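Chain naming follows the written order as A, B, C, D, E and F, and within any one chain the residues start at number 1.
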Amino acid sequence: MYLDDLTTFEFGERLSSNRDTVVILPIGVVEEHGAHLPLSTDSLQSEYIAEALATELDALLMPPIRYGICNSTRNFPGTISLSFNTFRALIQEILEELCRHNVSNIVILSGHAGRIHMAALRVAADRVLEKFNVKMMILSDYDIIYKYAGKEFPEWDGHAGSVETSRIMAIRPELVKGRGERSKPNFPQYRILRHPEKCFPSGVMGDPTTASAEKGEKWNKLVVDELKKLILDMVASEE
Amino acid sequence: MYLDDLTTFEFGERLSSNRDTVVILPIGVVEEHGAHLPLSTDSLQSEYIAEALATELDALLMPPIRYGICNSTRNFPGTISLSFNTFRALIQEILEELCRHNVSNIVILSGHAGRIHMAALRVAADRVLEKFNVKMMILSDYDIIYKYAGKEFPEWDGHAGSVETSRIMAIRPELVKGRGERSKPNFPQYRILRHPEKCFPSGVMGDPTTASAEKGEKWNKLVVDELKKLILDMVASEE
Amino acid sequence: MYLDDLTTFEFGERLSSNRDTVVILPIGVVEEHGAHLPLSTDSLQSEYIAEALATELDALLMPPIRYGICNSTRNFPGTISLSFNTFRALIQEILEELCRHNVSNIVILSGHAGRIHMAALRVAADRVLEKFNVKMMILSDYDIIYKYAGKEFPEWDGHAGSVETSRIMAIRPELVKGRGERSKPNFPQYRILRHPEKCFPSGVMGDPTTASAEKGEKWNKLVVDELKKLILDMVASEE
Amino acid sequence: MYLDDLTTFEFGERLSSNRDTVVILPIGVVEEHGAHLPLSTDSLQSEYIAEALATELDALLMPPIRYGICNSTRNFPGTISLSFNTFRALIQEILEELCRHNVSNIVILSGHAGRIHMAALRVAADRVLEKFNVKMMILSDYDIIYKYAGKEFPEWDGHAGSVETSRIMAIRPELVKGRGERSKPNFPQYRILRHPEKCFPSGVMGDPTTASAEKGEKWNKLVVDELKKLILDMVASEE
Amino acid sequence: MYLDDLTTFEFGERLSSNRDTVVILPIGVVEEHGAHLPLSTDSLQSEYIAEALATELDALLMPPIRYGICNSTRNFPGTISLSFNTFRALIQEILEELCRHNVSNIVILSGHAGRIHMAALRVAADRVLEKFNVKMMILSDYDIIYKYAGKEFPEWDGHAGSVETSRIMAIRPELVKGRGERSKPNFPQYRILRHPEKCFPSGVMGDPTTASAEKGEKWNKLVVDELKKLILDMVASEE
Amino acid sequence: MYLDDLTTFEFGERLSSNRDTVVILPIGVVEEHGAHLPLSTDSLQSEYIAEALATELDALLMPPIRYGICNSTRNFPGTISLSFNTFRALIQEILEELCRHNVSNIVILSGHAGRIHMAALRVAADRVLEKFNVKMMILSDYDIIYKYAGKEFPEWDGHAGSVETSRIMAIRPELVKGRGERSKPNFPQYRILRHPEKCFPSGVMGDPTTASAEKGEKWNKLVVDELKKLILDMVASEE
């Protein structure tokens, strides 16, 4: 399942025999997620989904990257945030190496959905497309889940909230410390702040008290099912 | 109204006498906007709003920048797109120069709302905040308008569509060539494409045929009113 | 006249039908120009000349850039100065985008004539020539005017002096505040100074008291006439 | 054991209560290791040692990075190699983030020992020391093992050779495919080659046929014991 | 005379005992200079002057740098040209190292006078002044000599012409091959050219046939005398 | 012997008539070498060897570079150290210029053997090989000499020690001040230190008291002989 479990020659043969091999790069961050969820929260989600997809699609997984760009949470203890340019370059170079080795279907799945973090992934991919003809998909699993916001959960439920807590309860329940604290932060609109953490000192944006492992399993399954379909569409597409 | 209409000493005195002076930087792009709207479409909107705000708030306007980052439209004739890093650095350095001159309330208003373009503005501002204690607001006027999507106009109306066409009809009607063409593009989800223009060969995402100058005036007024309030809130805020 | 007044398809057709289309990029700065001239002084001059040339040559004008590199004036209130690399990259990328759209005759006209500022423009152009075969001309209108220094005006007349004041009196008289102050600065030769402004606290290098709108009109006409000829030579040249 | 298993507040308290907390960053690469060892070979070794050290020293482990700089193996299928600058920046920024969070004892342990790869780690650390007063140790476990070269194993045994194969047999025997092939490459001295892989087409530099899990356990234990002592010395040292 | 002839402790004592010690960095290039002058022509001149100044002023000489930026000559055999940014960074870092070691009077003397080359030196110095309070002078010896153009030699005499040939005849006569060829190039004004060498295929801009060692000695003496005075002024100045 | 003693046309003809011409770039540093050796110690050695090789092989010498990367000695008076990226770029661009001029056999010989310094040279060369097909060799003369460590001199003899002192006694005896001081530093293993100079305040790692000019001559001859053979092998090799 993991690409680097293979030997060099096994990898070479795999690519030669199946040019449509899908390679998935799971991305997470080390980031504050309230008093109840671990710093690895985003990593756990994307790696869980990526492993499920790898099984279903016989895809290869790249070694996960648990470093990315965190913005509003950057001043909480333990949050690790890279600069835009370094994160962009890291992803771009890994993509280019995959292209050099003839991989032609790549999915980058990020458990973290910050706007700047996601923009870095897209800029990386855009630059790769200037050099290589490769099919790529980039998303956070929350791009899928948030289509249900305002319907299945409140629109303001987000970071360390009900959905995210539910998913970690389903994936790694032993890392969840208690039920969490409901918190609806009030950010001044469009402002760029030096101390965004002052707007949500609990580190939560949402209502983790309504979380459950069952809900988490539902969301995880939903993401896997939808992504599986989209990846197969990409493999079948002409460009 | 424009900062550079002042002499050096007038500017110095203005800042000394009113440390709360708001400085607005209008941003646009040179970008394809269908067969009916000019390449300056995004520039016209942010400059129009910025001038209205400057009048209402006695703010100073920086010389507009009509260069930014365009992604899905980049392969249409005439679209000019900068790299992320160059655009980020340009904005960051201008912001740092304003801070060096003791400006303490800055608004960046972009007529273009592309995700990567907006991310570059935010990264620029974040870096400035590491060095200077300044109050900043960054937005596209479409951040305000899109809160009404699905209510006052279809959710899929966007680039060169009904709202945007209406606004240019209100601002510079002589630059609108005919009624435009309705087009609802179908982008494959989450894909990064070499040729996104193939998904909307007309260059339109929306229905410009329903546009009118009256609607445009309404949207323009709405943006000015809401922004005026938000900027006053920022000036009054502690940080 | 302005390139971005066109729609994408109008621009595409214009370039297809006339491969010799000249595109002019006017450059200015936000820079101290004494107690009598606005911070926009350099921008006003290059934009005025560029518009006159566009009319005479049926050329297209790029949206002006009013940001560049200022050195000896950088510590006066209001002067905005970019780093060499950011300004170079900005210009280089705009040039490359024009080349990508098949523009083959480009003129960069800068109202500001600082050595480092001009060097950045030239380095940008040199890099573009490594990739594209395009005809380019780069100059400040003062490159032309200074051929007359020591003859029609004193050699030491420069920044915010007689010629420059005359030209703004001709272009935007309402922005000229009084007659200005005569000042002949004494810079220590070849020194690189932390505080060059101490050598000319009035912000003037020259004698603005001898300025007149008539002189300004003469200089403006002279620049337009000479540039028109040089641009036609470039268009007619083989490389 | 893993830092990101903690919540933000647990991490904050851990650092406050024990300023001497050691943080270990394990580094590996995705790199050709002959027909018998997986691409993850270097990652497996540093992560194994790091986990053993974390247990013995109650240290915190950072999420491992399995991306680095590979040189002589870069043209074999599956090898992923970053540029010097990107890898250096990635490590530097992670180190700076740890310093920002008051970590004062850091160990970077790399399973890969390439000269350029190791130089990038050292340059990263040097730059961090310009800003932060932190105690750091950087090494490959092969820095320790190679002190025994020429004594306990032939000097020419290296990449995918006897020692490395033994260690993987001890750590993840199920990933070892057969016994490997003895190969003593003959590189032209001091040359920088476009195709270094031609000098060792088997991808092996050493004699894996003499490997055994017992030997691997011995080497692993030796590295853990020696490193434990060195890390305790660092914690106890004044700078 | 050369700084690096000293031991570390001799250098330390020298700086402690005389904080006004002047350090001179001679710069040259490897550049085409016609059929009669060596590629080292610019290096020979600045090193000759620097050595004379070091003797007269008891100054320290840095190891010369014979690499810089060449533009119009870049396509002739043997011309070596660095990028702007690399040359700027090289000079900036050397300057910063001198400042770190408490040098407070620095002269950069370049035998090459190309505009972009000189701009790189100035940008380097400007950045150093943002961090260190140091007195610096940057010039080409031709900045001094060209004040006599149009008087003592024709204005169009320059690269490999009468003055330059005379100076090499005085400095290293054995490297002068014959009398050279008179050539008055005709560059199209303000153009940036891909092949500037086509405008002067002989590689000469001037009239070397009028050169003599006597003239060269006169120019060399004139530069030394004037520079000596200017450097003493700088040492005596307050900033 | 020195490439820049030639005129442009002589250089062009030399390369045309002998495509196998070897070009050698000698590299040194300005670096502390104890109380008895000059800051130019490393430069003197590589330049001496390079000149000897140029004579024996009819090779061309590039103007020496006496600037590089110093690490453990950086805080001693007079040591000049460049950043990795600037030094790498400087070397890379010089190599690329040589390749542009059709040089196909290049030797970089560094008198300084620091790990980061040498890594920068190798990274520069690797990047050149991505663009040009050229034969390159990169080494410090100490790469050759250290094969004899533990045999002909103690393993711990290094910086400013017996061998190095002997060589300077043979090359420039007038720059050697006394016999030097024996010193065996004790660096904590694998540590990255802010103040490495505290581990060897004399600036010596070795025993210079056992040095002699005769030993120095022997080492110099040995390096020349071995390098001559290796360079001829490279010229004769296919790639």
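Please note the rule applied: a residue touches a chain if its C-beta (ideal position, glycine included) is under 8 Å from a C-beta of that chain, and two chains touch if they have at least 3 such contacts.
The model shown is predicted, which means the values in this text are computed figures rather than measured ones.
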item	value
Reference chain B; chain at largest CA-centroid distance	F
Equivalent interface to C-E, taken from A-D, A-B or B-C so that over half of the residue contact pairs match	A-B
Chain at maximum distance from chain A, centres defined as averaged CA atoms	E
A-B or B-C, whichever has more C-beta pairs in contact	B-C
Whole-Å separation of chain centres (CA-atom averages), chain D against chain F	29
Between chain B and chain E, centroid-to-centroid distance (C-alpha), Å	48
Between chain E and chain A, distance of the C-alpha-averaged centres to the nearest whole Å	56
Junction residues of chain E - those touching two or more other chains	85
Graph class of chain-chain contacts, one of line, ring, star, complete, other	ring
Traversal of the chain ring from chain B via chain C	B, C, E, F, D, A
Of chain B, residues touching chain A in the complex	71, 84-85, 88, 115-116, 118-120, 122-123, 125-126, 129, 133, 135-139, 143, 188-195, 230, 233-234, 237, 239
Of all residues in chain B, those that touch chain C in their complex	2-12, 15, 28, 30, 32-40, 43, 62-67, 76-83, 85-86, 89-90, 93-94, 97-98, 101, 175, 177, 203
